[in-house]
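Pasting the structures here.
What follows is a pair of complexes built around chain A, which joins chain B in one and chain C in the other.
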Partner chain A sequence: MKLRTLVWRELFERKSQMLTCFLAIFLGITTVVAIKNVTFYSEKAVAREMDSLGANVLVLPKSTTLQDYYSADMHEEVIPEEYVMRLTMSDIEGVDNLSPKLCVPVELRGKEFALTGILPKSEFQAKAAWGGAGIFSRPIGCGAIDTGTNSEPEDKRTLVRKRVIKDLESHEILIGPDVAAALDLNEGDTLTLLEEPFSVIAVLPETGTVDDSRIFAHLHTVQRLSGNDAVVNCIEIVGCCEEISAGLVGKVNDLLPSAKVVTVKQVVATQQNVNHMMGRLSTIFLVIIVVVGGAGIANYMYANVFERRREIGTLMALGAESGLVLRIFLLKALLLGLAGGIGGFLIGTTLAVTLGPKLAGVPVLPMPMLALWAVGISAGITLSASYFPARRAARLDPVATFQEV
Partner chain B sequence: MLRMEEVSKSYKHRGQLVKALDGAAVHITKGDFVSVVGPSGSGKSTLLLMLGGMLSPTSGRVLLGDRSIYDLSSDRRARLRKESIGFVFQTFNLVPYLTALENVQIPLYLAGADEGAQEQTASALLERVGLGDRLDHKPTELSVGQQQRVALARMLANDPSVILADEPTGNLDPETADQVIGFFEDCNKEGRTIVMVTHDPKAAERAKRTLKLRDGKIISEQEQSLHVA
Partner chain C sequence: MKSRSQWTFFVAATIALSGLFAVSSAQAVAQTAQPRTVVSSATASSASRGMTAIDEAAKDGKYLFVFFWKQNDTQSQTMYKVLKTATAKWADSADLVSIPIIDRKEKAIIDKFDVSRAPMPLVLALAPNGAITKACPIKFDEKQLQEGFVSPCTAKCLKCLQDQKIVLLCVQNQKTQFSQAAWKGAQDFKADARFAKATEVVSLDPSDQAEATFLGDLEVDPKTLQAVTVLLAPPGQPIAKFAGVVTKDQIVAKVSAAQSGPCAGGQCGPGGCCPK
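What follows is the complex of A and B.
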């Protein structure tokens, strides 16, 4: 006979009550863990986007709505490719690069991928009139002017980070890692797309975004193969710094009044709002768990003390001190709290990892640190809620055991 | 061994003062076997609870040996019960979710015995009361008589010098009741002091001495004539 035997056996004596109490804690912790987990990775994704794309501006068809920067071109609306020329020939300053894109869905071996037409930078630099033109010169404070005379060979995989590539031949492609894995392709392999052969010149690194399942080809090739005119889905303006991008929006709006111009901040604002809302939700849920869950547990414990008054009186008659009675009830509360916290963490994490990507559009990984938090909160609530009932039990008059008094 | 000096117990019930015990003076020597009889509400259980350190008197003193029980804190009194007093209840008061063996282990656990010693002592006690083959049975799996025997085994777990029994045969058939009283007689022969509250005149006769209570007062004290069982 040990204290934990007394507690453990009694827990399973009244299974339905115990289960109800456990579920209250478990469901609450599950919800909060899932929300916190998804929010963490969503915020990380937003921070990453802001970090790498903070200075960027998107030119889109007027009627599009956008929630994810990386899928800015994945819609059916188009704008004339001529807008690229207008931007290039303008005197707008603070632009590192321009990246027009046309996205065409393709099916390969039963899977859908995004064939994305991009215009290499060399196409801009070939036009003498564009060399040294305002579009590629930086204002003071924005770093050195890029004259495009870098003679070192380009690492084409920097496309995903720099958003633009210097050279791309008409039948060359770069593929995302998911594409490479699905189609078992490596650098140097050949792939037939829309009945034409293409050479894989690079497999891009994993970014955790929709770019991982893209196939990048020359814009004009994609326009031709898809039967499109000289149109694009979006033009990505790679700004030289975040301060400049704010000014860019107004100038591009003036230049292209028929287009929609958005900054990364605006694009991620929705995600940020979702994150804030989820963050507030998790706080609200936590408060609900503490108040409602705690009240439920306290009620269960008081009822348990009342049901067991004869047993408590008997234990006291046999010599149990008040401290032991207190420990019996607090240990029971602790066990329920631990079980609720551990179970809540496991199921909450599973939900976050499986449903999070679908709901928030970002990959979600388990967060082991949340386990400590979940168990701590859960045990804290059950112990706090059970303290007064346990104290009542410890102060019970053992005379309740006897019938005639 | 056990003394009550002018002990009274009053409490308020719906604004009226109720005297459960009035000026009781009792002297119980070591090795005595006392039965306490009287009609319902006469104060029998009140007297027993006070002797067991579980109900403090309104006035007077209760002494175990030289110690005034109610000068001790409630936890000290609990320790005193653990060390010296064994209880038997009319409704047995077994813990329903523990087996017979575990029920008997409770006083040993409370006294700080290690698990091995607990199991050994408890098994031996249950063998003594004829329940050696029922160690793993829960109270609901035992008959009424068997439950009372588990309670008796539990009562002896800490080798008490004083046994306080509240209507130990109240729920038993005559044959089982006779066995229980016989068990008390054996315990008394071992030198243990027994105070037994009972409605059963036959059980009362088996004690060495009988105290009669009415309306909270001890109205008579009678030595039993010796008889051969």
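What follows is the complex of A and C.
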């Protein structure tokens, strides 16, 4: 009888126990793969956010609690719009790129969207030159400029990246891709919002954030249509340099003592804490797999060897060497490990890709590297847990086993 | 039945009383003036007093402090006193005008500076050339107001920047080296069709004592041996400084880099560098 046949038969000798061991390994690997996959892409998204928004600062109402940078304006608290001009006219370095926002919910064709009022740069940036002679002592190399010599029209879609737009007419809107898809809208179409017609001037590229389901309009139009005074939910200061933004918080706090000033770093820290928690959770799961799965397999193997010592003895009496017996049990363990690892990777990846975007709010893609990791861990556990039972089987004395019969 | 003259008297008296009431509230923040003080009120003549004050101050070569206010509250009254006291000391060089932003007759000046949504009270210091040399919202002191007085060249540069123009400030005199080459580079840039309309070349003598503070802000040595050309971009940002010879291409490269990036210089970005 060939080794392969022996291993195969051995594998299915005690099906229920084999299935239990397989499930322990499989479920453990599935969970860890899913967590690791989601955590990786979540960390990547946070890093990307930090890279693009690292120097940004948010000015919010004092009572606001902040969970997510992109939805920082989605609350009912407001601050006066005049804060924008206070910031612009101040001699604080690094506040020349501002994005005040007011967010109101609107229902269109039975679906709810966020109508976000934004103030184009052209309406306040000129006041940055009101800082007087002090503006000339600003260091060369940092600060938003508007030379007025760029003949090319502004690409409105850069709003999602730059967070600031230069010009926006009172009845122009920019829509997120989710809005465009849900309402079947394209550039140049007209949309009636709060009983007034608006022209869609751009469909913004997908960001994977709440910005995808936003409708951006002029702040003063949104204020008028929603019955609000000159107020905003938040002011985003699009910082240029991290060092400047670090010092900016204190200065803006002094200028606007009744507002809450936070950096994107502080906001992202919350997300990073979640990621770290996920990382720790996956480590705990890994330990559980090693302990529970390993102990289960070791127990299964020991029981198997003990109960089948007569067959093992017969096999050895027929000429099978210790090495062959050892290989049979280790190959059986390896097969279990491979099956658990591959199955765990496939199902874990499927779960991460399908549920990840909903749970973590980030797009998740399969990670082939995790396949090697999953198979390695799974096979390692099964092999190490089976080694001692297999060695015991290989060391059985055929005579002694026959005496027991 | 009342006679026509009685009706006329009644209407005139009503108008006069309401006018007096409106004026009294305006006068609470605009009392007697030693410098020429223009008080705008709801009953003022049809022309914008604010715009008139700007024209007169410019004609007299004086600075003008425009005090915008919304409510006759304690803050407005206190700040007006501070401004009034300060401008009284500078009567020879500055005028003062008080503008209630609710006054529809002052729409021209309110629109000109787009201050309808600005924090109030707000003081704007205007140089004789029309440049806004300082904005002081809500709370300020005499020292801050005094910062509104700037050197002629500073006012000239500010005016250009506020008109959305790039400024090429040529710091040079007959003693500095490469003056002609630097001047030619600046003029060549201004002659370029892409930048002609939005560029102004301003010259500054480094030995001019009146401009010492301005040069200090720009970190240009008044005793410089070489001509220095400073490139300033709207709304108010120095983006390059060239010592000695400068060519049009060098200036164009700096402007293009500044336009391409989110920040001046084009090399600074989120999570990126900081000014060196």
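We adopt the following convention: the second predicted complex is superposed on the first by the 367 of 405 C-alpha atoms of A that agree within 3 Å, B and C clash if a C-alpha of one lies under 4 Å from a C-alpha of the other, contacts with A are read in each partner's own complex, and residues count from 1 in each chain.
Following the convention adopted for this analysis, a contact is a pair of C-beta atoms (placed from the backbone, for glycine too) under 8 Å apart; a residue touches a chain by one contact, two chains touch by 3 or more.
Here the structure is a predicted model, which is why all the values come from computation and not from measurement.
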First (chain B), second (chain C), both or neither touched by A:43: neither
Chain B versus chain C as contact partner of A:81, first or second or both or neither: second
Touching partner for A:97 - first (chain B), second (chain C), both, neither: second
Partner chain(s) touched by A:230 [first = chain B, second = chain C, both, neither]: second
First (chain B), second (chain C), both or neither touched by A:89: second
Contacts of A:56 with chain B and chain C, given as first, second, both or neither: second
Residues of chain A touched, compared between chain B and chain C (which is higher): C
Chain B/chain C common contact set on chain A: none
Residue numbers on chain A that touch chain C, as the complex places them: 50-56, 80-83, 85-86, 89, 96-97, 123, 125-151, 162, 230, 238-244
Chain B partner contacts - residues on chain A that touch it in the complex: 1-2, 5-6, 9-10, 12-13, 310-311, 313-324, 398-399, 401-405
Residue ranges of chain C in contact with chain A within the complex: 114, 117-120, 124-125, 132-135, 137-138, 147-148, 150-151, 154, 157-158, 161-162, 164-166, 194-195, 198-199, 213-214, 216-219, 232-241, 255, 258-259, 262-265, 267-276
Chain B to chain A touching residues, read off their complex: 20, 40-41, 44-46, 48-49, 52, 54-55, 74-75, 78-79, 81-83, 87, 89-91, 93, 95-98, 102, 105-111, 115, 118, 154, 158, 166
